[in-house]
Amino acid sequence: MSAGWAVVHERFRFILLGAYPRDQQWRPALAIVLFVALYVLSARRACWRPWLPAAWLAILTGAIVLMRGGPLGLARVPTESWGGLPLTLLLATVGFAAAFPPGVALALGRRSALPAIRALSIAYIEVMRGVPLVTFLFMASLMFPLFVPAGFTIDKLLRAQAALALVQAAYLAEVVRAGLEAVPAGQREAAASLGLRFGPATVLVVLPQALRISIPALVNTFIGFFKDTTLVTVIGLFDLLGTARAVIVDPRWFGAAVPVYLLVAAVYFTFCFAVSRYSQHIERSLMAHGHQ
Amino acid sequence: MQGVHKRYGAFPALSDINLQVRRGERIVICGPSGSGKSTLIRCINGLERHQQGRIAVDGVELTGDPRATDAVRREVGMVFQQFNLFPHLTVLENCTLAPMWVKKMPRREARDLAMHYLHRVRIPEQAAKHPGQLSGGQQQRAAIARSLCMRPKLMLFDEPTSALDPEMVQEVIETMVSLAEEGMTMLCVTHEMGFARQVADRVIFMDAGQIVEANRPDAFFDAPQQARTRLFLSRIVH
Amino acid sequence: MSPRGRAIVWQAAALGAAGALVGLAALEAASNLKARGIASGFAYLGRAAGFEIAPGPLPYSARDTYARALAVGLVNTLRVSLAGIVLATVMGVMLGLARLSKVRALSLPAAGYLEVVRNTPLLLQLLVWYSLWQGLPGPRAALHPLPGVLLCNRGLFLPSLSERPALSGFDIRGGLSLSPEFGALLLCLATYTAAFLGEIVRGGVLSVGRGQTEAAAALGLSRARTLRLVVLPQALRVMVPPATSQFLNLAKNASLGVAIGYPELIAVTGSTLNQTGQAIEAIALATLVYLAVSLSFSLAVHLWRRGRW
């Protein structure tokens, strides 16, 4: 067991940051800081303004550019070398952001009066939610090359991210749908009476209220996504769990499993627990102050 | 409204409604619950669809075509029993929303318009607050101001005071009275018979989806002609 | 254009776009498969699989067909899912009642357990369980938790009707054996799902108003009888839909067995795919099976709802 803790000490950098070139490791470290800053920013009610989505886009783009390199004289680092905590945060956050617009669209589609739109939305949601996530990751890594012209390759990480986002959109759709159903019918009637058509009424009146109602559930869903990112280990990507596993499998560190797992578990637990506490806090605060 | 019928499944909500409203007329509709009063006025601005008959507002007929419905809704304002203010917007934003997005009014002009009507209903100081911070009476007055900002030709009121505590009913009634005195065409579903006596040109009694009796207020209250009307009036403590 | 006309145009456009996407992908796939010399169709199901699967209830050898291999995978998935559901329900009810208990020595650890299990990734928990099992002593030093039962890093061995497991050379033979992969996956799924079921039980019991328990007490019913006859039947009505959802999640989560080498449906699909190269057919089959399972669950809940109300 003491050998285990020696492992942790020796391979700490690898577990945390993956195979990123040692001299450039300030970049993924900075990326972690950026992500945490984004979460803290989004958590404050004062920041729930129309500019928040733009901030998300800016910070996420910044983090990706930072990791990838290219502009600003940063050396290019291929995605195969990305790993550890930055990769986990990237997959979770970009996945959530990418899944959000389709999720809202699906939720609206599910409630549409047009039968074809409704059927398509329901079909998508049921398929994505009825099949294990692992299957879709396999599809992304094994099936995908068959569907595109030869020579046209897409980065494996990008494929996995897309698979995650497509599945998560379905789960988000159900959360937003519950929010939409919770908005009183009188709101839409009032908007209609004022002459607002379906489109503007939905965007200006119904959606803002639906999303506000859904916030605790959305945060809980984000926790679920964060945990789901560990599944990319199965297709050979080195997220935080993947790097830990790689360390354990190394025959030099046989018997070191438990301490390494404990370390990684502690990281996940800290994050998820903190966010779930926040979710409870925000739920209470929303109920106390009503819609303000 | 000519020969209007409406059903919910097999249940006849409105039966053979014929009603002509002239500009500037104030009409109060009363009757027991389930008589179709709300359904009638909700048909006028298209919130409910009628199955038979014609409904036309200022020459525009409600045919089910969304463009006709939109045209009618631009000229007709509605005040709800549950206020239905938008809780995520301030009172001012509630009032400027429709003029800006439906009539494409510039922001400054919409603000001035909204403040004008908020003054009219005597709550200008509440403009920056959210509906949840206002009392019931203030909320309903804000709702009235919101509808007025679209400068409607006809105002529909669906039991505007029924959800209010008694001490706040008066402020809303006063607002409605002052509106009537300015010449606004109004259709009110209400139990406030004092208001009817004071302001209405016609009082209509509905029962079981039909218009049973319609008359001037003094004739209506003092000499009701139908037995059902007499029964209803005897049950109201006025 | 009339509103009806516009509605039809929108829907036709949506369906058309979806169809075009599928069509394009299919065309591209067909040409790629041809170029790589990969066969199409499901004929491969009749060919010999050529890979081994760890022994289980269904007899299988490398000479059996791919179809049989898939069947084995499916049986393995169902095996661990059903056992998991039963175990998780038992544990979940106990956990829920512990959380509701006034005794802090019960409710606090239960709450702690809940927080730990819900805030760590399932795959991580599975790997920990598997490591723990692999850390058990070898067959020669196997543990005897109960008479006739042997536990070691090669598995859990239970006495069957005809024979008892015993050490034979370097291995344990005889009796009913559960592989470490099965055991770890089962424990992981059960403990994880039990946490969520515990909360569902707690929510269900809390949803029954206090007035019910007070009325029952006034009638002279004991606490235990009150729980059994008054509270639980009403709580059950609230609990069944979310509980079924958790059962379905358990079945889906069983697919994580692929990470530790448990030969469930996805793992077998993976092996098949590697051998034949026919990724599309293999994954499509697995997807259809899972869809069938999840839709049956949804249907069952829907019918249950209809039946009760």
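Each chain gets a letter, A, B and C, in the order it is written, and its residues are counted from 1.
Everything below uses one rule, namely that contacts are C-beta pairs under 8 Å (C-beta built on N, C-alpha and C of every residue); 3 or more make two chains touch, one makes a residue touch a chain.
The structure displayed is predicted, hence computed values, not measured ones.
Trainee: Which chain's centre, taken as the mean of its Cα atoms, is farthest from the centre of subunit A?
Mentor: Farthest from subunit A by mean C-alpha position: B.
Trainee: If I count C-beta pairs in contact for every pair of chains, which pair wins?
Mentor: After tallying contacts for each pair, the winner is A-C.
Trainee: Compute per-chain Cα centres, compare each with the mean of all protein Cα atoms, and return the closest chain.
Mentor: Answer for the innermost chain: A.
Trainee: Measuring centre to centre with CA averages, how many angstrom lie between subunit B and subunit C?
Mentor: Roughly 57 Å separates the two chain centres.
Trainee: How far is the middle of subunit A from the middle of subunit B, if each middle is the mean of its Cα atoms, in Å?
Mentor: Chain centres of subunit A and subunit B, defined by C-alpha means, are spaced 48 Å apart.
Trainee: Cα centroid separation between subunit A and subunit C, in whole Å?
Mentor: Their C-alpha centroids are separated by 24 Å.
Trainee: Give me the residue numbers in subunit B that touch at least two other chains, ranges are fine.
Mentor: If we look for residues of subunit B contacting two or more partner chains, we find 66.
Trainee: Over in the complex, which subunit C residues touch subunit A? Could you list them?
Mentor: Going by the criterion above, the answer is residues 7, 10-12, 14-15, 18, 25, 28-29, 32-33, 35, 115-116, 118-124, 127-128, 131-132, 135, 248, 252-256, 258-259, 266, 269-270, 273, 279-280, 283, 286-287, 290-291, 293-295, 298.
Trainee: Considering only the defined contacts, which subunit B positions touch subunit A in the complex?
Mentor: 45-47, 66, 70, 73-74, 76-78, 80, 82, 84-88, 97-98, 101-102, 130, 132-133, 143, 146-147, 150
Trainee: List the residues on subunit A that touch subunit C in their complex, please.
Mentor: Residues 113-117, 120, 126-127, 129-135, 138-139, 142-143, 145-150, 223, 227-231, 233-234, 241, 245, 248, 257-258, 261, 264-265, 268-269, 272-273, 276 of subunit A touch subunit C in their complex.
Trainee: Residues of subunit A touching subunit B in their complex?
Mentor: It comes out as residues 184, 186-187, 189-197, 200, 204-205, 208-209, 212, 290-292.
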